[in-house]
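Sharing a structure, written as structure tokens. Questions coming.
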Amino acid sequence: MTQESFLLAGKAFDPRDPASSMKNPAAGGFSSFEGWVRNHNEGRDVISLEYEAYPDLANREGNRIIDEAFKKFDIIDTRCVHRTGHLQVGEIAVWVGVTAKHRQDAFRSCRYIIDEVKARVPIWKKEHYADGHSGWVRCEHCEAHVHRH
Amino acid sequence: MTQESFLLAGKAFDPRDPASSMKNPAAGGFSSFEGWVRNHNEGRDVISLEYEAYPDLANREGNRIIDEAFKKFDIIDTRCVHRTGHLQVGEIAVWVGVTAKHRQDAFRSCRYIIDEVKARVPIWKKEHYADGHSGWVRCEHCEAHVHRH
Amino acid sequence: MKTIRLQYFAILREKRGQSEESRQTTATCPAELYGELKAAFHFPLTTEQLRVAVNGEFSAMDTPLNEGDEVVYIPPVAGG
Amino acid sequence: MKTIRLQYFAILREKRGQSEESRQTTATCPAELYGELKAAFHFPLTTEQLRVAVNGEFSAMDTPLNEGDEVVYIPPVAGG
């Protein structure tokens, strides 16, 4: 594992780039997950998203999650890349890849990392809806502060 | 889902090919797994593998597993490709990809499919070892019938 | 006497030295037929370690065999 | 009176209308400082809905603040 196991990407990226460094003849399994921008959320039509990060702490917390994964699971390597900026429907918002000797550890670790990243890393998501409104996801008061843009 | 959700591949394949047809604006998550040929198994150095399938029944059982995944999980699409023939260390032996609205279903379904494929689909694996021996994996009597090749 | 088509895979193919054959037999079910083949070709597995497919579908070892059936014995699988 | 550096993200950045500032304050901890900011800029979240980072690390809302500290309030996150 390196300092750069967790990365923020300001532009669209190809998951093959972070994955390419993970080839290892001792690895028997590679589990990966891609979060894609969906065209709907909680009954509303979504046309695009904005991700905003607090970069210093996001990088620190992302790499901390990866350290935890190495302690909890018998894995060989892992990378996580999270987008920031304005994303269209279908774009990759987050990618996690994990190699391990055995597939169980690869699966469990991949899922641990994406669950923790979503819960803990300071990244915020603003949805832009087909009806012209927008709102910050999980901001409980956003409904009261929806605005045209 | 189509008849061709499970495929056997006689040659190396690029997972982007089966994955390319799975883009869907309603999908929020894409979980995938690649099984790689490892350089060791149960304490022995492995230099290459042979996979042999009973194609008719392998295709039927593979597609049956995918039908089960659609019934058990809320998924959008899935594909599975399994290699046959002679593979070197590092090659992809099997690939599974699943799209779903939510990542939990994508992960669970991906894991269900790979677990069931490994347990039920009539595909056999012969390991070739660095010491010149070889043997069919999970054939309990192979140790007594190991031969030079 | 009936004619059964056999396909062999993996260790059974290697032991048999060929991947298919048609065989005349008086065996009435796959278990009985396997007993005959095991004796003839020294197959290293017992019916408890095998599954069987008749005409391309998993079947019971005591399924009645009919003229022209295709039988495949399935050693323990190890995909992925 | 001390000087605190503030960065704002997401809904707090939008409400504040800028992404950072230096602020003179008598507040002794992040919770107290937030009360001041909430009143001034009508922030829609309470300290119970926020976490806080002081100098780039998650910290308690009652951590003593020192001259020059950098404070960031963290609304509920929603990555991925």
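Each chain carries a letter (A, B, C and D) given by its place in the written order, and its residues are counted from 1.
Following the convention adopted for this analysis, a residue touches a chain if its C-beta (ideal position, glycine included) is under 8 Å from a C-beta of that chain, and two chains touch if they have at least 3 such contacts.
Worth saying up front: this structure is predicted, and the values here are computed from it rather than measured.
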Using the touch definition from the top, how many steps at minimum link chain B to chain C? 1
Take the average of all CA coordinates in chain A, do the same for chain D, and state the distance between these two points in whole angstrom. 25
Whole-Å gap between the CA centroids of chain B and chain D: 50
How far is the middle of chain C from the middle of chain D, if each middle is the mean of its Cα atoms, in Å? 74
So which stretches of chain C touch two or more other chains? 80
By the touch rule stated above, which residues of chain A touch at least two different other chains? 35, 103, 114
Would you please name all pairs of chains that touch? A-B, A-D, B-C
Contact set on chain A toward chain D in their complex: 35, 51-54, 56-57, 60-61, 82, 93-94, 114, 117-126, 136-142, 144-145
Residue ranges of chain B in contact with chain A within the complex: 23, 25-36, 38-40, 89-90, 99, 101, 103, 106-107, 110-111, 114
Residue numbers on chain C that touch chain B, as the complex places them: 7, 9-11, 13, 44-45, 49, 53, 56-58, 72, 74-80
